[in-house]
Structure formats: structure tokens, C-alpha cells
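Presented sequentially are two complexes of chain A, the first with chain B as partner and the second with chain C.
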Partner chain A sequence: MNLLRAELLKLATLPAIRFTVIGTWAVTVLLSAAAPDVSTALYGPLLAGFLILGLIAATSEYQGGQIRTTLVAAPRRVTTYVAKVGALVVITLPAAAVTVALGTIVSGESEAKAAGYFAFTTVIAHAVGSLTRRTLPALVGLLAYYFIVGPLLQPRVPFAKYLLDSPDWFVALPWTAVATSLGLLAFRSRDA
Partner chain B sequence: MPPPFQNPPTGRGQGVVLRSDGPGSDVPAGWIALAGGMLSIHEVTKRRGSREILSGLSFEARPGRVTAFLGPNGAGKTSTLRILLGLDTATSGTALIDGVPFARLADPVRKVGAVLEGSGAHRSRTGRAHLRWVAAAGGVPRARVDEVLELVGLADDSRRRVRSYSLGMGRRLGLAAALLGDPDVLVLDEPVNGLDPEGIRWIRTFLRDRAASGRTVLLSSHFLGEVAATVDDVVVIDRGRIVAQGSLSEVVGDHGSIENAYFALTGGAR
Partner chain C sequence: MKALRAELTKLTSLPGVWIAVAIGLVLPAGVTVLNASNSRSVPSADTGFRELAIGVVAAIVIGVVAISSEYLAEGEESGGSRQITTSLTAVPSRSRFLLAKTAAVAGTVGLLALISSAITLTATDLTSADVSIGTSDLPRVLGIAAYWIFSALLAAGITLVTRSGIIPLSVLIVNISVVSVSFLLTKVTRLAYYFPDLAGTHLFLRDSDGPVDLTPVAGGLVMGLWVAVIAGIGAAAFVRRDA
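Up next is the complex of A and B:
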């Protein structure tokens, strides 16, 4: 519990996390008011907000040598990583729920399923950030996949609905589990 | 400046806690309860790619002593400390604190405090916010954050973001985080780097006091003048190998000064 609280404090006191969440909410209101097709608006630019949220949560650890402070205070790496993912989920779920609620209030159309999609995507982005440890390469890769490669593949391949960016929970959950396991293995074994 | 107490007997990998007050105690007068932890580096080798950066290092840092780890830049001082702290994995050999690897310490924040390069804090957080999460991770009461801020002289700057700190303030913040758990062992990489003369004097007195209370202090340095005035034991490393170790007077030996000894042992100015 101590570690979960520490990771929550880290996320809550990092300005970039606050800006990302509030920025995503602002964009939700603007797009929901302007766009004729709400589901497109929700799954498009807002997704980028949650990708950035998960990514920053992971890569901020590697700025200013903070990872050393973390691992000296909490050297059991598996536990520490689980606490990180747990804390991220704790702040992402309400952030995603508010995003969907704002969209519903402004546009009058409900897209409740999007909240789960945002949460899964955030955790996948966190895993990618844990693997690269650097924000920019991970961001370029994630944006390229979710906004270029994924949409290009969707209408063209027969297995499209099993791809990483599927909004279907039965597909997103295993992808999230695999990505998080890879992130955990790297976090456990690599020199900090 | 000899410490005002005797050295405890040391066994490899054993923690040392002596009591002079227990019933049936056969500890001679003058021995004190020691809070320190025993640091034992044994045959540590580290390879990165094809390069061997540490070659079979063995040394100990004992409770009640300030031990200096000396050597030129790139000799392997920081790598050794990182292995001791469980940040890096040794290719072979062991680095133990009271007989256990760092990652298996029951209460790491109260056992070991460490200050490596820089502040160890994210630049966009405030100093206080940084200390608060470290305290939370270690289960340290929140009130302790104000105590350590006061102790290192950062109380007035604690609500500023770390990016606005000077080099010296960053080092003080790192030290504050290391002291949150009032640990038995302090590990410091180049502690006087970035400090002004007043800060250097302060940390010298501070480290001597830690050792005098029976705690263990291991510091790396290339400031030889500071070392002579602060430390009890010396370990000299050059190109990943230990070239001398012992008490300060043993290592200085016939060389006259620690500076002469250092250059003789590390092959002179390169």
C-alpha cells in the first residue's frame, strides 16, 4: 500500500500529468460541440491524450535520475512495477469516465464503451514507455501505429479485429496483459 | 581524528549489533550499541559488452567508520556503488548489506540512504513533493519531510520546482531524501561535488557524527584533501581493480600524504 500511495503521489504532483488530463477534457468539450460524428471525435484525438498520459507516467521515471531514488527506496522491482501500473489505472479510470461524461453532456450522444478503450490504451502506452524509457521514440511509434498503421490495416486485413487498437475488450485485455508483462520483465532485469 | 569508540569485530557478511547493557553481557566497557550495517563487496566483476569495468573487487565498509572509495574518473567507483544498491547487476560476485543483497532488505529506507549523481528528483516536481513520495514509499511519517528539509537547509526552498535549484541545492535534496529513514548506512557518490565551502564543511562534520553514532558511511571521492580530514578507512580503485585498502594511515604508509599515496597507487597523473 505504501508503494501504491507513493506512485499516486508521483502522478498527482507531476504537472505534465495534470496538463494532459485537463487538456484532454478541454479537447473533448470542443470536439463534442463541433464534430457531427461523436464516435469519430472520441476515438480520434482524445486517444492521443491517453497515449501521452500512459507514456509520461512511465518515462518521467527516467528523468532527473528519479529511477535511482525509486529503486533505492523500493528495490523489489516486481512489486514496484505493479504499484506503478495500479496507480496509473487508479487515475486513468476516473479521467476516462469524466472524458466520456463530458462528451455525452455536450453532444447528447453516449459512448460509454470508450472509457474502457482509453484505459487499456493508457496501460499499453505505459508498457511501451517502460520499454523505451524515452518519451519521444515511444510517442512517435505509438502515434504512428494508432493513427496511421492501424487505420490503414483495419479495412484491408482479415484479422483486423484482433489488432492492438481494437476497441473490443476481449481483444484489448490480452494485448494489455502482454504489453504489461513485457514492461515488467524489462523493468525487473535491466540495469537502472 | 580518531573515533571515540572501538571498532567492532567483523565477520564477513554479518550484521553487527553490540549491546553493553544486556544481562550477562560480556562486552567490555567502551563498546556501544551500533546501529550501522556492514557492507561487504565480494569478488564483484562487471562486464558491459566485451569491456570488463570491474575485476574481482572485494572490500568492506564497517559500522562506526567513514570509508572512502577513491580512484580516478572512470575507475569504477560509481559502478560499484550502483551494484551495491541493486541498481545494476554484477556479472559475478556479491554485494551484501548485513549479509543480504539490497533488494532483499526488509526495510530499505531505514537501512540504507544513498546519494548518487544529481538530485535524483524529477525537475518539474517541487522539492517537498519529491520527498513526500519517497517518504510514502518507505512508510516514513510525513512530519519527517520537514525535519530533513530543515536539516539540509532547504526548508525555505521546498515549494520551488527542482529545475530552479542550483547544483548544490540539488545535492542537498538528494541528501534529504537519503536521510528520510534515518538510515544505518549512508552511501554517497562524490558528496562534496557542487557544494560550496560552507556545505563541504557541514557535510564533513555531519558524516563524522554519523560514524560516531555507530553508523556506516561509504563515500566515493576524488577530492583528496577532503578525504584526509574526514575518513577512517580508504579503498583505492584504479581501472576496475582495487590497488590498496586499509585504514587511512595504512594506505598513506610511507608516502607522506594521501595525495602522494593516491598518485603512486594509481600510476600518477594521466
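Up next is the complex of A and C:
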């Protein structure tokens, strides 16, 4: 419980996390007003906010060696990693819920399932961040996949609906589980 | 000349730049091949060139990373120092530094655009039976190179102000996606057709689908003006602010 509280405190005191969440909400209001329907807004550019959220949560530990302090305080790697993902989910779920609610208020249509899509994507971005440990290369990869390669594959290849950018929860859940397991394994075995 | 060589060395030793080069060479050609084997995509005068417009993501990444890498804190072990301190010690004149940086970015991106165009247009010629690429398309290839260079300088100009690469990368990459923010804004106001990313496509696209039809030169001028203003703001901020 202490671990989860510590991770939550670290996330909540990162200015970048706050800016990302508030910025995402502001863009939600603008886009929901401009887009023809609410799913174009929600399943479009907004995802970038959640990718950054998950990514920064992971990579901020590695800028300036905070990870060593973390591991001195909490040497058990597996529980630490689980606490990290748990804290991220605790922050992400309300952020995603507010995003969807804002979209509903501005456009008048409701697309509640998008909140789950945001949460899954955030956790996948966190796993990618803890694998690469570097913000910009991971960000380039994630944005290029989710915004360029993914949408291009979608109408062109038959297996595209099983890829990790699928908004279907039953597809996103296993991808999230695989990504988190890879992140956990790497975090457990690699030097900090 | 030495400053330029130094900037090229820094640029070519960044992992982000090599990721970008790989994306820029593989993505447009890959999409061309994928489109050719798909029966639903109709060949037009712009086949191959639309795909090259997507490859501009490589130019954006190079433009952002060239600046943001200078400001990345190295961590507590090395006193939290940043490369920009060393760079400005070596080249104290800020305008000379910026000039060398601009030349290095523009040269790298221009070369990448030409190589990527050659690969993608060859792939187009080979895979689409209805489209043939000839020497008459040479001006459009130069248009692609100009579009990529302008985009890279735009990205670098924004990064000079933000210093962190996260915001410019996200905004600009998201804006190339299928449902781009500029495109959504065209539904609200026709002025959005004069945004740099949309106006610049007239440099090399011939089948314009919007209500605003610019000549290649006019499109290039509109985009160039955007670049001049935004890069000018970035340069002014860089010259005046503490490093």
C-alpha cells in the first residue's frame, strides 16, 4: 500500500503529467466542437495525450537517476513495477473518464467505450517507455504507429483489426497484458 | 564550414535521426506497394506523391531532434548539463550556430527526400500498371524535397521555443495522420486550407480535392511564409534567451 502511495505521489507531483492531462482535456473540448461526430474526435488526435501520459510515467524515472532512489526504497522489482502500473491506472481512469464526459457534454453524443481504449493505450505506452527508457525515440515509434502506420494498415490488410491499435477491448486487453509482461520482465532482469 | 561539419556530426550520431531515416525510406515505398496490391485504391496522377507526403514524418523528427537533443539534461551524474552549453562554448556566435544547424538539417532532409522519392517513385512505376513516372515529374520531386525541408525547419523553429521535443513531435506527427487537425479545421473555416501542411502539398500534388486550388509556386510561397515567420520567432527566442 505504501508502494502504491509513493508511486501515486511521484506521478501527481510531476508537472509534465499535469500539463498533459489538462492539455488533453482542452483539446477534447476544441475537437468535439470541430469534428463531425464524437468518435472522430475521441478515436483521433486525443490518443496522443494518453500515449504521452503513459510514456512520461515510465521514462521520468530514468531522467536524472531517480530510479536508483526508487529501488533503494523499494528493492523488490516485481512489486515495484506492479505498483507503478497500478498508480498509473489510478491516475488514467479518472482522466479518461473526464475526457469522455467532456466529449459528451460538448458534442451531445456519448462514446463511453473510448475510456477503456485510452486506459489500455496508456498502459501499453508505459510498457514501451520502460523498455526503451528514453522518451523521444519511444514517442516517435508510438506516434508513428498509432497515427500513421496503424490507420494506413486498417483498411488495407485483413489482420489489421487484431493489431494493438484496435479500439475493441477484447483485442486491446491481451496486447496490454503482453506489453506489461514484457516491461515487467525487462524491469526485473535489467540493470537500473 | 567547421561549424557545419560539427552540426552534421552531431546530427548523424543521434539515434532518433537514424530511426527517422529508416521511417523516411521505408514508409512511403511500403505504402505504395501496399496500395498497388489493394484493389480499392484508384491510381491517379498523384500515386506515389501522396505516399511521399506521409514520409514527411521523417523530416519532422529530424527537425525536432536536432534542436531538442541540445537541451536534453544528461542527468545528475554529469551535473545535469546540456549539450547546448558545450555547443555555444565552441561556437559562441548564436547566429552562426543557428545558420550551421539550419544548413545541416536542410541538407540532410533534402538528401533524404531525394533518395526516398527515387525509391518510392521507382516502386510506383514498377507496381502500378496505370501510372508511369518520367522525367516530366522532376519538378514535383523538387517540390517533395522543398516540402520536407520546410516541414523540418518548421519543426525546428517550434522546438527552439519549447526546447522539449514532446509537444512539437506530438502535434506535428498527429497532424499528418489520416484525420489531421488541419483537415478537421477546414470543415470550420476555409482559411485552414492555407495552413502550412495543406498549402505545401500543392508543391507536388496535381489532383487537388479542396475548394482552394493553389499553383505549386503559390503553395510553396504560402508554406515558406509560415516557415519564415515561425522559424524567425524561434531564432529570435534563441538569440535573446539564456541557453
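Keep this in mind: the second predicted complex is superposed on the first by the 192 of 192 C-alpha atoms of A that agree within 3 Å, B and C clash if a C-alpha of one lies under 4 Å from a C-alpha of the other, contacts with A are read in each partner's own complex, and residues count from 1 in each chain.
Assume a contact is a pair of C-beta atoms (placed from the backbone, for glycine too) under 8 Å apart; a residue touches a chain by one contact, two chains touch by 3 or more.
Please read these numbers as outputs of a predicted model, since none were measured by experiment.
Peer 1: What is the contact status of A:65 with respect to chain B (first) and chain C (second): first, second, both, or neither?
Peer 2: Both chain B and chain C are touched by A:65.
Peer 1: Would you sort A:2 into first (chain B), second (chain C), both or neither based on which partner it touches?
Peer 2: Touch status of A:2: first partner only.
Peer 1: Given the touch rule stated above, what does A:22 touch, chain B (first), chain C (second), both, or neither?
Peer 2: After superposition on chain A, A:22 lies in contact with neither partner.
Peer 1: After the superposition on A, what does A:77 contact: first (chain B), second (chain C), both or neither?
Peer 2: So A:77 only meets chain B here.
Peer 1: Check whether A:191 is in contact with chain B, with chain C, with both or with neither, and answer first, second, both or neither.
Peer 2: Only chain B is touched by A:191; chain C is not.
Peer 1: If we overlay the two complexes on their shared chain A, which of chain B and chain C does A:13 touch? Say first, second, both or neither.
Peer 2: Once the two structures are laid over each other on A, A:13 reaches chain B alone.
Peer 1: I'd like to know which partner A:155 touches here: chain B for first, chain C for second, both or neither.
Peer 2: second
Peer 1: So in the superposed three-chain picture, is A:173 touching just chain B, just chain C, both, or none of them (first/second/both/neither)?
Peer 2: Neither chain B nor chain C is touched by A:173.
Peer 1: Do chain B and chain C touch any of the same residues on chain A, and if so, which?
Peer 2: Chain A residues touching both partners: 16, 63-65.
Peer 1: Give the list of chain A residues in touch with chain C in this complex.
Peer 2: 16, 31, 34-36, 40, 44-45, 48, 51-52, 56, 63-65, 135-137, 139-141, 143-144, 147-149, 151-153, 155-157
Peer 1: Inside the complex, what are the residues of chain B that reach chain A?
Peer 2: 82, 85-89, 102-103, 105, 108-109, 112-114, 116-126, 129-130, 132-134, 136-139, 162, 174, 177
Peer 1: List the residues on chain A that touch chain B in their complex, please.
Peer 2: 2-3, 5-7, 9-10, 13-16, 60, 63-66, 68-77, 189, 191-192
Peer 1: Can you list the residues on chain C that touch chain A in the complex?
Peer 2: 15-16, 19-20, 23, 27, 31, 34-35, 38, 40, 54, 57, 61, 64-65, 68, 73, 75-77, 80, 165-166, 169-170, 173-179, 181, 184-185, 187-188
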